[in-house]
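For reference, the structures are reproduced in the following blocks.
Heads up, the next two complexes both have chain A, just with different partners, chain B and then chain C.
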Partner chain A sequence: MPEAVEAKLETNRRPPLSIVRDLTVAVGVIVLIWLGLRVLRSETALDALGPFGGKLVQALIGIVLGVVGIWALFVVANSLVELLPARATTVIRPYVFVGPAVVVLSIFLLAPAVGTIIQSFTEVPEGEGPFYNYVQAFTDPALQIALRNNAIWLILAPAGALLIGLAFAGLVDRVKRESLAKSFIFIPLCISGAGVAVIWRFIYEWRPEGQPQIGILNAIVTSFGGEPVPWLQEIPTNTLALIVAFVWIQTGFAMVILSAAIKGVPVELMEAARIDGAGEFQTFLRIVLPSIRGSVITVFTVTAIAVLKVFDIVYVTTNGNFETDVIANRMFNEMFRFRNFGFATALAVILLVAVIPIMVVNVRNLRRQGIGA
Partner chain B sequence: MTAETVEGLPPLTGDDAATATTTAPQRGQSSGWVAKVLVLIIGIAWTIPTAGVFISSFRPEAEVATSGWWTVFTHPFDFTQYTLANYQRVLTSEDMFEAFVNSLIVTIPATVIPITLAAFAAYAFAWTRFRGRSFLFAVVVGLLVIPLQMSLVPLLRLYGDYDLTGTFVGVWLAHAGFGLPLAIYLLYNYISQLPKDIFESAYIDGATPFTTFTKLVIPLSYPALASFAIFQFLWVWNDLLVSLVFLGTNPDVAVVTVSLAQLVGSRGAAWHLLTAGAFVSMVIPLLVFITLQRFFVRGLLAGSVKG
Partner chain C sequence: MKKYRWLWLAVVMAFVIAACGGGDATTTTAGEGAATTEGGASTTAAEGEATTTAGAPAESTGFEHLDQAMAGEFEGTTVEIVAQWVEGEEENFNAALDPFREATGIDVQYEGLPDYELALQTRVDGNDAPDLAQIAQPGKMASYQADGQLVDISGWFNVDKLREEQVAGFVELTEVDGGVYGVYYKTDVKSIVWYPVAPFEEAGYAIPTTWDEMTALSDQIIADGNGNPWCIGIESEAADGWVATDWLEDIVLRTAGVDFYNQWWKHEVPFNSPEVLAAAEQMSAIWFAPDYVFGGNTAINATNIRDVANPMFDPAGPQCWFQKQASWIPEFWPGNRDVPDREAWANPPGEASSFFYLPGIDPAVGNPVLGAGDMFSMFTDGDRPEVRALLEYLATPQGAQAWIEVGGFISPNTTVPQDWYTTYPNTELVPILNGADAFGFDASDLMPAEVGAGSFWTGMVNWVAANGEGTEEIFQGIEDGWPAS
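Take a look at the complex of A and B:
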């Protein structure tokens, strides 16, 4: 903003009388937040209200504290800064606005990321070299399976979501009630990975032959006279079964992005192709597909990154048993179950290294389309 | 993604009916029954998994265990075959009610906190000048690519030192930290495009930067704020990893996704409970989807750059 405007602005200051009030409010807010946090953490404070009432009061305190607290802190910090001399206020205020975000980012992303990289080299058993965790990671047979599975996921899942999403987006363009039809494909996207895992465990439910099959897939198989298949135990069917569940979620995302892109293809272009004698499929392949290339890449990269980090579906269905493990699940188990922190950090770094090239493609692609910073 | 492109996307699911009627006639020349049938088939295939869980959650334990959920369709209107007992059971004896409330305690502040932090920061990045501005902004955008797995081990130790594991504050801050790069990036793109004149006239009218922010920037940025809010709300509500690591499985604090995962572990064959539990965990996201479809899609597209 222009300096003159800034100077003018600083003449619109509050009267000095408000100094005492502002300081009192500041102290009051901080004490209130501190008290609120104490109550929230205490296991006994709300016991008098009974289990049901206590929980609801706790919820109320927690939500109000989190929502109002963060705003109160900014209001207080701002009013304190405005107590300073005008020139100092102008210099310091931007830092009051940016500061909290930068501090939170530093504590929760920047410093830990650096720490993870360092620890992956330093947290090794006595007498081992700095690359011990990485050598372990690439020689451990269990991890070989996880890496192989991530590769299979990476090949099949984005392609699956892309193909079905593209087909649906192309087809739905020509039916009535388009938005309703899209909703059905889209709904899985708002379900949690844990929920999806339960839904698909139910689909894949297996009972020994002769018993009634309550999983729909085995019910279909046995109704055609086949033997029931233990989809989540049999290798490699189980990994494919998990990928199908993932594709079920991600197709909605692909469909929405591609459908928006297809609507952007000029109708005249498609008309011209048809006049030249191209069939529907030919038009789609030769005209539509090249025009929406950018969106196809977006879908592919976003899905690929989600695939590399896939955790909850695997964790809740098989927890990586029967050779279905993936890196993110392995990392969680190394960290949380085995307290094997050095190894876990090395796995996080491997994940980062795998994500970065895809992210670069994604950002470049977004830029080429004129989207992005 | 810039604000205009997120904004400028054709109205997707929400208003499609209108767009479809204007453009479909020219597009779908030989539309015919093939497209309709294929759309119908994919639509049904995509609905069956959820429908099976939904129907089973209302069937009595003995029925669920011995017959497929599709058998209800032999007498779909025989309401004696449905029951609410499974919901009653998961909500009370399986702690899902507590988990549901815990999810609200976690999700609402974990959405508001990063939005607040990000909105103030985005405003300062866009409309004030200070030392280190472009450097700090570059760092923020760079952090978009870092998978949150990179933070887990050091944070877990830090939380151990400060007794933050298993506390709501701890998980609010973790979610805030992980959501911030995207939030700042999106809100910056939007706020920096607001017309310059409004800021200048606000200053001349004697508004402080703080009142300009609360009275002008926040109301004007409502579409961007709503898109991110919905994305973050659903992300946090559906998250399992962060909650599992920083809150844990203690029923006093466990959220619905954690509680559901626990239920799978302890009662993996009790489908009458698992299906009801799954629906308890899904009901809020489904409501958000149905009521805020348009923002939901935008938020989702906007979130596609999250690392």
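Take a look at the complex of A and C:
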């Protein structure tokens, strides 16, 4: 290693010609990217290529700029930093590489978040105080139902996904065609949330008694002589029904993470336990589970965050009717249907605050595992 | 290391050269393109003049920009227009636009957007607004206007002509503070009740002409053991409940009159005024009366508007008989969906099915009509004459002629020749519209979105879920949630 470092330091003392060359390339790349962006922004530059050809060339330029351009920028920035004295290079280089990511995150994540928080306090009717939207949010009867539902979701959904995922992960370890079995559990995760909602909407479909039941659940119920159940209308069955759909998606995620963790449990440990007379279940409970504690927390927190954001399932199935509303759906309606930016941003901030404790648990957990500083 | 450095340089230089070449090429071709379009425009303009002088002189449309467009002055330009109409309706709208395209040489690019309201909002928010966009809810128009997104057309559009030709009340709906922000293109009459003709006649039933006759007939259907009289469903994806708001509005119009009705949606009287609660009472006498509705209140909330009429056309005979819905509903009936050839409809309206006017209730109020409509609003700068010309075209009878002749379209324009309406529902509907004692515009479309597309909808869903109980609390809740203006 020291040799390599020395060699690196050597290169910093370079002939003037190479400095000129590097500078030329740098300017060239920047001019190029600027030109490319101009073509992309222009509405007419590519018209001559026809509607299809124009779009195609535009897409190509976009891909080239996005992939080669960014790469070239890093290379150029690196070569420029290398023109500096050796010590300055080592100090500055990390910032050159991290800098763009920080800038992009600030512009597209931090700035909107701060803007949202500000808006939630300033977008109030005339003559009202800055907390108007929050007072509204916590006194609105419909929103109290949404808050209650989010709490129910938060308790049941991650627990359900975790328990079923854990059971599958433990069992699938012994299955001959393990990857095939895993794939089946994993597939729902590949379906978009809206798609899942549509699938479960059909599963829960209700038709008046005596009509052919096209929903599989009611078809089963009526084939046993039962009365069809309006799953999505009955309170609180409907919220539970939606949580089942969510668990159906998330179980695959939980299983994959936990299954990998279980494979990481040292075989010696398991063998030792078995020699000491522990049964299968006891081994799992006393040895495997404590060993994968970190992964269990990761699965739980990630699922909990997904639960707080849950929107698509509710929007597609009931649209929040029949006391199934959740905060994210209400936020969507306030924002895009009613144009109540103040109220919608206040709801966004409430969600953000609710996510923070879960994030803290998650980060601590990662730290305990030695990931992250 | 050194070798790789040169490789990088080579790649970067290749990139430089390629992009420089590309840049040059595009700038020159863009210039050439501009030159050719200019040349093209001038030649076609000359041709246009030649044809007008040679053939019959073009009759003035009464609209300045449209006249210019018809003379070919804007040939080669492009106008982007979006609406919620897809599939069959998209074909019809395009057919209505074709004469404009052919006569003017303007490339009108129509796009029908699914999940329309959200899609339009997203485009407008993203600074990608189309030139012209259809808006179904005047409340939505008002909020776009308040955001400064809409062009005031009153400066150049012949609004007086519009006011003269359209059914009274439409232009007023597009006015905000003296400006005009839209042109009504299409209208619907909602106050009609569909029924299956053959079984209806076989059973010896007669069309009710008063509300009491209608309830008496409902009772008789139940007594005859012919199933339930009413097919009702208010499930409609993200818009659950709007069918119920239409019902209530129709009854408020019939019991309290159009003057009260207009005060009601303007919120000059409380949402839960005694008149409205009385109308709700009248409504529950049908909606929540035992055996009146197929499947009861659970079915009302569970049945999508597209599926409502399925039991009406049950091969074994109607299981329910009446569906109150606007004139477009037959397109969604079983057998009518996904059938490109309209002749092949399994239950062609006018033969297998027909409708009657939802009867009046209070003779002092008479027979009002509830309706709605679609307008076009201009989102991009009005300085582009081709966009103005298209908006003007859409205000003329010709702007909808092709669609009117196919059917499924009623123009708010009274100068449309009656004989253009050749298809069944509209031949019957247009006289109802023109003969109505008053025209009430769909109130939920006019109320603030928080109510008209929010609490009013969900309130009705909750009301149905409670099987009509707790009316006062639910209506009080809607009143309490009315946004402070």
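In this text, the second predicted complex is superposed on the first by the 264 of 373 C-alpha atoms of A that agree within 3 Å, B and C clash if a C-alpha of one lies under 4 Å from a C-alpha of the other, contacts with A are read in each partner's own complex, and residues count from 1 in each chain.
Following the convention adopted for this analysis, a contact is a pair of C-beta atoms (placed from the backbone, for glycine too) under 8 Å apart; a residue touches a chain by one contact, two chains touch by 3 or more.
Here the structure is a predicted model, which is why all the values come from computation and not from measurement.
In the superposed model, A:208 lies in contact with chain C only, and not with chain B.
By the document's definition of touching, of the two partners only chain C reaches A:21; chain B does not. Legend: residue contacts after superposition of the two complexes on their common chain; A:280 is shown touching chain B, with no touch to chain C. The wider contact with chain A, measured as residues touched, comes from B rather than the other of chain B and chain C.
Of the two partner chains placed by the overlay, only chain C lies in contact with A:333; chain B stays clear of it.
In the superposition on chain A, contact of A:125 is made with chain C only, not with chain B.
When the two structures are aligned on the shared chain, A:40 is found in touch with chain B, with no touch to chain C. Of the two partner chains, neither chain B nor chain C is touched by A:353. Once the two complexes are overlaid on the shared chain, A:315 sits against chain B and chain C alike.
By the touch criterion defined above, A:32 lies against chain C but remains apart from chain B after alignment on the C-alpha atoms of chain A. Taken together, the two complexes place residues 75, 315, 336 of chain A in contact with chain B and also with chain C.
Taken in their complex, chain C has these residues touching chain A: 1, 8-9, 11-13, 15-16, 19-20, 22-23, 26-27, 29-30, 32-34, 117-118, 121, 143, 237-238, 240-241, 294-296, 298-299, 301-302, 311, 448-450, 453-454, 458, 461-462, 465, 477, 483-484.
The touching residues of chain A, when paired with chain C in their complex, are 7, 11, 21, 25, 28-29, 32, 35-36, 38-39, 42, 44-49, 57, 61, 64, 68, 72, 75-76, 125, 141-142, 206-209, 211, 230, 232-233, 315, 319-322, 333, 336-340.
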